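Got some structures for you, see below.
After this come two complexes, each holding chain A, first together with chain B and then together with chain C.
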Partner chain A sequence: MEGWDPTTKSTLTQIPLLTTKAGPRDGAAWTQRLKEEYKALIAYTSMNKSNDNDWFRISAANPEGTRWTGKCWYVHNLLKYEFDLQFDIPVTYPATAPELELPQLDGKTHKMYRGGKICLTVHFKPLWAKNCPRFGIAHALCLGLAPWLAAEIPILVDSGMIKHKDDAASSSEV
Partner chain B sequence: METELKEILNDLKSLQNSFSDPSLHSQFDKIRCRIESLVSLAKSGPMHRSKVKDMSAEVVDSNPYSRLMALQRMGIVENYERIRQFSVAVVGIGGVGSVAAEMLTRCGIGRLLLYDYDKVELANMNRLFFRPEQVGMTKTEAAVQTLSDINPDVVFESYTMNITTIQGFETFMSSLQNKSFNPNKEGSGVDLVLSCVDNYEARMVVNQACNELNQTWMESGVSENAVSGHIQLLVPGETACFACAPPLVVASGVDERTLKREGVCAASLPTTMGVVAGLLVQNTLKYLLKFGQVTSYLGYNALKDYFPTMEMKPNPQCSNSACLKRQEEFILAKPARDAAARTKIEAEALSSTESPVHADNEWNISVVDDSEFGVTNTGSSDVLPEGLAHELPSADGYENLPASEETSNPLDDLDDLRKQLETLNAEKS
Partner chain C sequence: MDEELLELQRQFEFAQQAKSSIRLSERNVVELVQKLQQLRIIDFDLLHTTSGKEYITPEQLRKEIVAEIKKLGRVSLIDLADITGVDLYHVEKQAEHIVSSDSTLMLTNGEIISNSYWDTVAEEINERLQESSQIVLAEIAAQLQVGSELLVSVLEPRLGTLVKGRLEGGQLYTPAYVARVNAMVRGAARGVFVPMNLSALWRSLQGLLQEIDGASGVAVEGSFFQSLFHGLVKDGEVLGSLRAGVHWTPSIFAMAQKECVDSFFSQNSYINYEGIHKLGIPQPVQFLQSRYPEGIPLVTLFAHPSIVDMLDASAEDAIERGSWMDSLSVLPASIGLQDASKVLSLCPSVQMAVKSNKAIILGESYVFSSGFIKNLFDHLEKEIETLNLPVFASSVTDSFHASKDPSVRHDTMTDSNETGTGKQAVDKGSKKKKGKFAGSTKMEAADIDADYQESAPTKSKKNQKKGKVATSSQVSDSKLGPKKEIDRMKEDSHSVVSEEWLIQKIMSQIPDLEEQGLDDTETILVPLASYLRPMLLNSLKERRKAAFTQNVQRMKQVLDNLQRKVDESFLNIQLYEKALDLFEDDPSTSVLLHKYLLRSTATSVVDNLLLDLDMHNKLKNGIEVEDPQKAESVSLSPGDRATIAKSFPGPLSVKALALVEALEAKRVETFMTALRAIAEESGLMLKKLDKKLERTLLHSYRKDLMSQISAETDPISLLPKVVSLLYVQIHGRALQAPGRAISIAVSRLKEKLDDPAFKVLVDYQAATVSLLALMSGATTNDEDCASDRILSKRELLENLMPALKGLVLGTSQP
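This part shows the complex of A and B:
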């Protein structure tokens, strides 16, 4: 676990691991995998809430559980910046991780591939590959999206690339 | 436009004749000169060539294939015109794929299938092929526009979609299986798939499709720091598949720790991409037209001008089940392969009395010996030649994460779990 900050590391170890190696084309095995995905996501979301670190909402956008949509947010200088989050489960999942997309930030940062797919660190893919099939969606969010938001949002805000939605008004949501 | 300009010229002439004042003549002449230069510009506008029925070897300026057919006359290629029967799928029309597609188009390939979901951007202009006026078009649409102008004999099919999604994958699979172009062809509907994508996820998808379809394919890649690249031949069951071992990359010699990644995802150079596209299509031509040696892996280190090669046997413990099925079939077909190889050696021995034995063109027929299944790719890096490295670790050695609990319980109810998450999601943070 070289290259990860201690918080990410300790959070990661608390997310339940998955056991079924199945992708969306694997029928009943995928259903089993999907159950494991839900359990990990439920555990991770509850953990975030109890640690006062709630930072995303995600749910399956189709019954097959191959497309997921939701929101993620990041608080910078006491202001909450919220973004749409979406991704598809690739056919070769879980050998390959889902490519997380923040479509509203497409074109606003170099740390992103076209279509708003976030650019992961050199540490993500090796760790994912090593832990296949034990990592799932929750792990991808924890290892991929959380560090990305922490690194990029302050830069985007400070450079004026993104503005808070009610710039002056006090944010009651936070 | 040309005729209209000529009419203006005539009008000008009659107007000039109606004026008797000679002082005006020089002004009329100036205008006439300007119109005449416009006429010649209009004449030199875009020329479109018509389709050619047969490839001719005739050496005339108007024959687009004369220099290619010369390969046949010189004895390099036995039958060049066969190229018109071949279908090649190019997955990813970026810096490598677009150039590879152009090369195949100029070579007169029969059919090209092009896959990409991206649009042309100004940021692509440091690479070859796409032009600034194509910005905003889909890459497939822009490619077909340019390529069909260059060679209208090629049949183009374009697929603007992401092959890594379930739906995209299904379309990808069925497009490869469609045999309407050459109904007598054995196997799938294409002769070769070229992977020119820029990410591991998409390569794994091409690997999945080709393993399932028993489709030979070639992989290509350029490193994110733009100074190394590689091509690789993958024959399901016979060579290592893309999932048999962690992907091989050419070590650029640049220390990863000194590589500055802040603020960028990837760099790219038209040179490295052009070199890799050239190596890829060269290998494609050799494979399709059966000349020279088809390479199984060729790396390119641009900083040291070093080209490592190697061969990789399939991994009997590959995590891809379609790969294992292909490996089993390949082993079962060994007696037939041996017999064919023997016949070939005998035939060559007979003909060798008349002509010198030429180099073995058939890359895939190996000399029969027991070592055929001896060396397998275990994914360990100690067997790699110098200058090559694995990009990712193998999945078999988990990093030991102290797990809090595991999630597997077949008695869980999916709907119940979905509702639990929704309830959590609905709670105020």
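This part shows the complex of A and C:
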């Protein structure tokens, strides 16, 4: 589990683990799996809120729950930078981790695949594979997106690649 | 889509919509608080914990402290600081505040302790106390980790209420236990009948308690016993007196003691300190004096005045009767010498008598009345008088021994002197046995002649001196002599009247005293003797002095007498000596005549001289000589002469001996020189024969002879007288001739006489010779025949007598 900062690790361990190994094509099993996903997400979200560390909003974009959309944000220098977040549950889920996409930042950083899919650390994949099927969406967000945002947003902001929406508005206005 | 999933979706939505809690960083909070303080929104002291992560208000701290105290009732400040997480300084400050505001709390040794805590502790202690009946406070204090003083101060108000017990000497006891120990102490104290050191008693009680309690028993302090004991004494449960806190004297013992002393004292009128010591009274004198103020403290005992009265009465009696008394025999046997003398000194009658010289105390315990002493003194004086004469009578024979060897004599003399002085020293000093012994051993050597006959050698020496003085001054009695003599006499008498002798005499005088002194003569006889001795010596001296002065007169008389006698005889001898010259040519006759002269005239001279000198000598020494006239008729044997001669002092003795020897010899000349020498030595004057004196002497001699011849009737003794007269008439010399020399003397007259006269003489002589021969032969031969012849011869001689008488008288009576 090395490679992550202590806060991430402690948070991760507190997220309930999933038990059902089922993908979107597995029917009732998937439904079961989806229920577990929700439970994990609820726990993670409430945990974040209690720690004053709320940083995303997501919801299932289709009734099957294979596409999820929402927003994520990061506070840097007392400014809140907010980005769209979307991802699909792959057919091989849960063996394959969902590919998280930040479409607004596509092309703005090289730590990103085409289409705004974020590049995860080398440690993510083995950890995920090892914990299949116990890890779910919540774990993916916690282990993948949160560290990426914390690492990349300050660089992006400092390099001027992204601007605060107030600044962008004012500059566009100007 | 099942319901559950939808529900979960909704829940998730809801969870995401929920307000997130706001969190501030520590730094922010610290800054905020500081800001608040700056803004005076927080206007009180805000404390922070030692971890630095918490703020705490003093009130909160106080609350917490109080809460902690309430938990156990006792809390250490250090523990509080740990519990509250606040610095000790603040905790202390707040604790002080709390304690000062709450009277039930106390702060000691960094601990806050509430009253309730003590109450519980007291209850615990009480429980334990009831279990084990006694607890050592120190033990409790150690358990509670508080000082025992504090514990005592806390426990004291709770004693009797919460703690049912008694605190004594750092120990807690239950009343039952106290009662038990009290009973023990009472029992022990009541059981003690003799004075006792209480601490010893407590020790035994402790041992007893330990036995009872076994190993669990706590050692009971002696002071506990002591306080219980004091309580008992105060309540009068045990009777007695306590001295110096530990010496307990039960009253029963004190009573017995007093009764014992009382009874002994009232029965015997005295009591020994030793006995009182045995009764356990350490300071008998003070004790007795306080009890019997009228009593008399002595050295070893305490006496009632009645003892003094008793002794006084008997002493008075003895003094009045003119007797003596030994206070030891009157006083109880246990009274020693020292005390007896002290009691004696307290007797009023004795004091009076001693003051007025009516009595004398000797040997510490003996009282002698002066009358008794006088009596005894008189007796002894008489004894000495009787003693003196034998001493001096025997001195003649003794001096014979003494003068034999001068060195021996000298030895005895010095010996006697030494013994004399030695004895004096003994007298003066305390009558120590050693001194006395030494004296007596010396005495042994000198005893033989020292005590009784001692005077002889010293006398001879004295006379020798005296003689020298006399020769030098040519005075018969020198003035120097007496003085020296008295000194000497003193010495003599010292040795004569020895203490031993006195003691003997006193013992024989008073057999009672002998009984007293039998076991130890020192007790009374020695002091008595030493008291009497100087007196006796004095009287002796006086008497000697008197005798001496008396003797001087007689000595003079004796000497005058002697002088006269010697003069007379000496002249005669000289006269006769001259006649001897006529026979110088005939040695045999001369010897015969010399011998005769010496034997007849010279012998009487020598005897007179010796006897008178001896008497003189005695007189000079102060010895009574009863009748000097008697001596004249005495004729001495050669041995006697030698003895007397030897009795003379020094050179006189030598001269006298020479004289005696000359008397035995054959030459008159040697005798004459010896006689002259002794005369000179003894201070006599010898007159030389001069012509005038010779003539008168011859004349008187002739007259004497003539009257003798005319009166003579015996024919035999007539012849020598006639011959002598003839010699006087013819030669003018006085011839003293023995019978044997008569014939020669007659033949010598041949030329001087005319023939008929000579014939008459020769015939008469022949007849006398034949008569004498017959008389000598008559003893053996026929008596009748011899007597006839003698008678006829005698008749013949008697017929011749007138012729012979006529021959001499005729010529002399012209």
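Here is the rule we go by: the second predicted complex is superposed on the first by the 167 of 174 C-alpha atoms of A that agree within 3 Å, B and C clash if a C-alpha of one lies under 4 Å from a C-alpha of the other, contacts with A are read in each partner's own complex, and residues count from 1 in each chain.
The rule is simple: a contact is a pair of C-beta atoms (placed from the backbone, for glycine too) under 8 Å apart; a residue touches a chain by one contact, two chains touch by 3 or more.
What you are looking at is a predicted structure, and each value in this text was computed from that prediction instead of being measured.
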Fit or clash - chain C, chain B, common chain A: clash
Dominant contact partner of chain A by residue count, chain C or chain B: B
Partner chain in contact with A:42 - chain B first, chain C second, else both or neither: both
Partner chain(s) touched by A:51 [first = chain B, second = chain C, both, neither]: second
Partner chain(s) touched by A:91 [first = chain B, second = chain C, both, neither]: first
Touched partner set for A:12, first chain B, second chain C, both or neither: first
First, second, both or neither for A:125, with chain B first and chain C second: first
A:60 touches, of chain B and chain C: first, second, both or neither? both
Partner chain(s) touched by A:34 [first = chain B, second = chain C, both, neither]: both
Doubly contacted residues of chain A, that is, touched by chain B and again by chain C: 31, 34-35, 38-39, 41-42, 45-46, 49, 54, 57-60
Touching residues on chain C, where the partner in the complex is chain A: 1-2, 4-5, 8-9, 11-13, 15-16, 18-23
Chain C contact footprint on chain A (complex, rising order): 31, 34-35, 38-39, 41-42, 45-46, 48-54, 57-60, 63, 65
Chain B-facing residues of chain A, complex: 1, 12-21, 24-25, 31-32, 34-36, 38-43, 45-46, 49, 54, 57-60, 64, 66, 70, 88-92, 95-97, 99, 110-115, 119, 122, 125-127, 129-134
Residues of chain B defined as touching chain A within the complex: 117-119, 121, 162, 164-166, 169, 199-201, 204-205, 207-208, 243, 246, 256, 261, 263-265, 319-320, 392-395, 397-399, 401-410, 412-414, 417-418, 420-422, 424-425, 427, 429
